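My structure is below; once you've seen it, I'll send some questions.
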């Protein structure tokens, strides 16, 4: 979650679809970025595909080159009878487009995050519900499953640095070298820029996990560059940085001021600030106590349980 | 955590010491409220005693009449070798002032909050570490402990309404009527008004737990009125309401504007708003998505573990 | 789990179906006990209905008068795609025979056992997955569910005496008196007499939970006598008492001796012992270290997760 | 936990001190094995040092060559005020004899076992309470701790094969190769041969973790051979194999028969069996349902919490 010095005013978001929107707000067109939107009426899922094709596109978006697919489903956390199987199925379908599962493959699923902090426990939760097959196939052969094609699935919950003293990359790199999977799928709780996408958006990307702005230094990420095999990342935004919440409010404040007679002059002044200037102003006035703070809903426990199940079922469908 | 209609602009805080400060900011004196501060240098603990003596004082403070003691220890979450035994001891000493433990007493300790949401799991955590004696004394007599005075300690983790479908009061009232303790001690994670008190302040009060502003309707609270026995509440603020964070920033913004030449005029205008007007303005511009959101630090898991231990040891010292 | 003095050699089992078998072994007929067996081929579930109709039957069986239904499904813990929905449905069907759900009813589901000890955490696990409605109906009416009939479901995980210092009955009695449900459904992990029934048998009974032999003193049980409303108990055997395992082996030992030439004489001698004498012999030679010990499979974590889900879905189907 | 074909009647125990005793019972002297016992009166701890010096000794004991230290403290699970600091200190002292901590060292602590199965969760529990320093030293230098010697501590909870699909060795080998510690300390819940040592014995060994009889194939173990750095293992027996319990009873049965007039002849016959013959007899008569079953006390949750704390504090003292 570090920030890259040269892009210092960039709003922090893990979602490509939000990075895109922030440009749209400023009416800036981004070269090298292709966007494609689709809405599936029967399942009420909006699918957005963002492809960053060039280095300039990557720089502008603050994200590495690659494909980012988001599934937005407004009712994702509304409990229903079959735990949103329609979303699991759509996730499986999108995954299969990224991972060509014609022949048998070996996949290591990595559950990132801290199982002891509720909104950060999505990754561990998914791995706990996953159908693990590697040990069975190694001991008894795929006949154990009565099928003639069985993917080799392993899983790990590496913990966070405060618990292990190690970078996640150090752990995963070692495990990948020993067990030689064909793919890594990393599951993570993300930070969104806005509360409105919280817990209702799944992002799937073939670029892996890339802390910070993602341009330049990839060494600490979980990606093809660091692990030498393709890394697919699946994430759901479950928190918003506290600083971002404050920024959102500023934007609303300025709009409100425009419409309040006695405050109109002020709103006008602030309006002349561009987004970098506004963000800098906000950074200055935000209490230092807000660093390392996140915002999350009070019922996040139920949400994580439901979302974790939806993702693990999506993986089980795609991989079995 | 409801809000009382007639006091609608009152900033939400569970801490009497913060309610007091918000008046001090506006230079308002509060009748019927006595405040007494003390600093213990050897243990680096600041002890503030707020006594609300009259109904007017209660109305002004938005809290019921009674005594509120806060222990503020800046290093409370800095790990040390003996898990801050000095704080546990101070807590025990303050508790003994409220509960006269001359003769043997029976105490039911209630761990409020949701064990599945990390910052809300303080109460369950404390009860899990508590020395429970009731069943042993009932079966074997106090001889089992080789002492001639043994307090009868029981504990319960009632869960939250989304898990049980019941008000906490319904559960505790039933248990109190069956098991007839002399006192209830309720442990809860609180909401602070400001991040600066988060995880470094313990509040002890003889008024129990009183949702909302606390004046008027006490029926849903855990207190002497509802349970017919004294209820002591011990709490540590572990979250701040997201709306409050935004408000804090506003205050800082206005101060910053004062000092920025081109924004001075604006700051001046806002400065003329009183705190209710400012809060109303903020309420209007805050995204409705912020309702039901809280702010908490990323390392809240370690914090809860440490604070839970400090409080349960304080109770063990006071009661054994 | 106490034992009744007058029946001192009775083998400990929570399953009526096993109590019945132990009589069959000794070729004893039991008056006042009606047994009815059925096998459903499509779902591979064997359903046994034991009705204890008289006091003598109760004394002989060591269980209170009432109906005991067991569902035996050999594949209950073999993971399958829909989490054994056929078993959940059969459970729902049997439940509906015991609870006449024509009109709306209010049910308190009690998750007995210790959530911190894996094989004992079945009850807590079921309540965590249950659809709780009471708080929603009380606040918004049944319209919130868009149905014109909604059962009022509440749930509680009371904990065990070592954690609370209180009898489970004290807690549940208090909660029942405050919240006035029509029925209590208590979920519990049971002790079986033999490992062969472990984790593949569900017992449903209208007699509630009755520690000890169940004849005579009912005061500490959760039953109609103590709570004044009908109590249905649902249990799955997840452990065997260590002493019972040893007894099982003795039986096998004697059989084996019969068939070993040089040991035939010994086997013959032991064979003349009746089951009480054999049990007494075993009790004498069992190490006192075995008291308070239980036997359970190494993969009990996966088992509890699966069984908990099967039961909670059964309840969700029956009650919604 | 596999068994070596050539030693097929050997009683299963992870404790060298028990392997030794089983020879003493048969009055067999073991060459190449040195035993040294000491009792510390002030702390009531018995310390036994077993050194296996030769291959023959290893074969006889069913354990690899090396040093095995056991601390036996009868009151280890009796709660006391300082969580048995005297045991933590003795553990630290013994550890320092095995790991020469003169200069700074880097240690990876591995918490083996399944966190979801209570008696198997000792290792995860210890790592969760450990003072982890590696990430802090790497980022801020040892100055962060205000000391001029800081050991580099990292920790990992790898999970069990059913959860990960991977051998523990595969995970740890990879992590060791990436992070290059000087030592591995592996914490594990052990199986004892007898309930009388359960939860009151700590074994420390410089031979690492060696599944099966330990002679011959070391490839799947966590040891110097597989990891290329010294591996210290610390274990506490928390379970007994169900088959072993039955064997213990047999021994008692034979003794009892000796003293019962009418059974004397039988006891005499069995007495002529040597321990291998007896074990084989038992294996034949034990129900196959007992495979994969373990025996553990009902209050194992409290025990694991207490023992985990005692060990993690021992490590914190030794390493800081």
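A, B, C and D are the chain letters, set down in written order, and residue numbers restart from 1 in every chain.
The rule we apply is simple: contacts are C-beta pairs under 8 Å (C-beta built on N, C-alpha and C of every residue); 3 or more make two chains touch, one makes a residue touch a chain.
Chain identities (UniProt): A, B, C, D = Germination protease.
Keep in mind the model is a prediction, meaning the values are calculated, not measured.
Engineer: Which neighbours does subunit A (Germination protease) have in common with subunit C (Germination protease)?
Structural biologist: Correct list: B, D.
Engineer: Matching over half of the contact pairs by residue number, can you pick out the copy of the A-B interface from B-C, A-D or C-D?
Structural biologist: Repeat of the A-B interface: C-D.
Engineer: Per the centroid of Cα atoms for each chain, what is the distance between subunit C (Germination protease) and subunit D (Germination protease), given in Å?
Structural biologist: The answer is 35 Å.
Engineer: Measuring from the mean C-alpha position of subunit B (Germination protease) to the mean C-alpha position of subunit D (Germination protease), what distance in angstrom results?
Structural biologist: Here subunit B (Germination protease) and subunit D (Germination protease) have centroids separated by 44 Å.
Engineer: Distance from the CA centroid of subunit A (Germination protease) to that of subunit D (Germination protease), rounded to the nearest Å?
Structural biologist: Inter-chain centre distance comes to 42 Å.
Engineer: Quick check: what residues of subunit D (Germination protease) touch more than one other chain, meaning two or more?
Structural biologist: Expected reply: 162.
Engineer: Where on subunit B (Germination protease) is subunit C (Germination protease) touching in the complex?
Structural biologist: Touch residues, subunit B (Germination protease) against subunit C (Germination protease): 127-128, 132-136, 152-159, 161-167, 170-171, 173-179.
Engineer: For the complex, which residues does subunit B (Germination protease) have touching subunit A (Germination protease)?
Structural biologist: 114, 116-118, 120, 162, 194-196, 198, 242, 245-246, 248-249, 252-253, 255-256, 262-263, 265-266, 269-270, 281-282, 284-287, 289-290, 292-302
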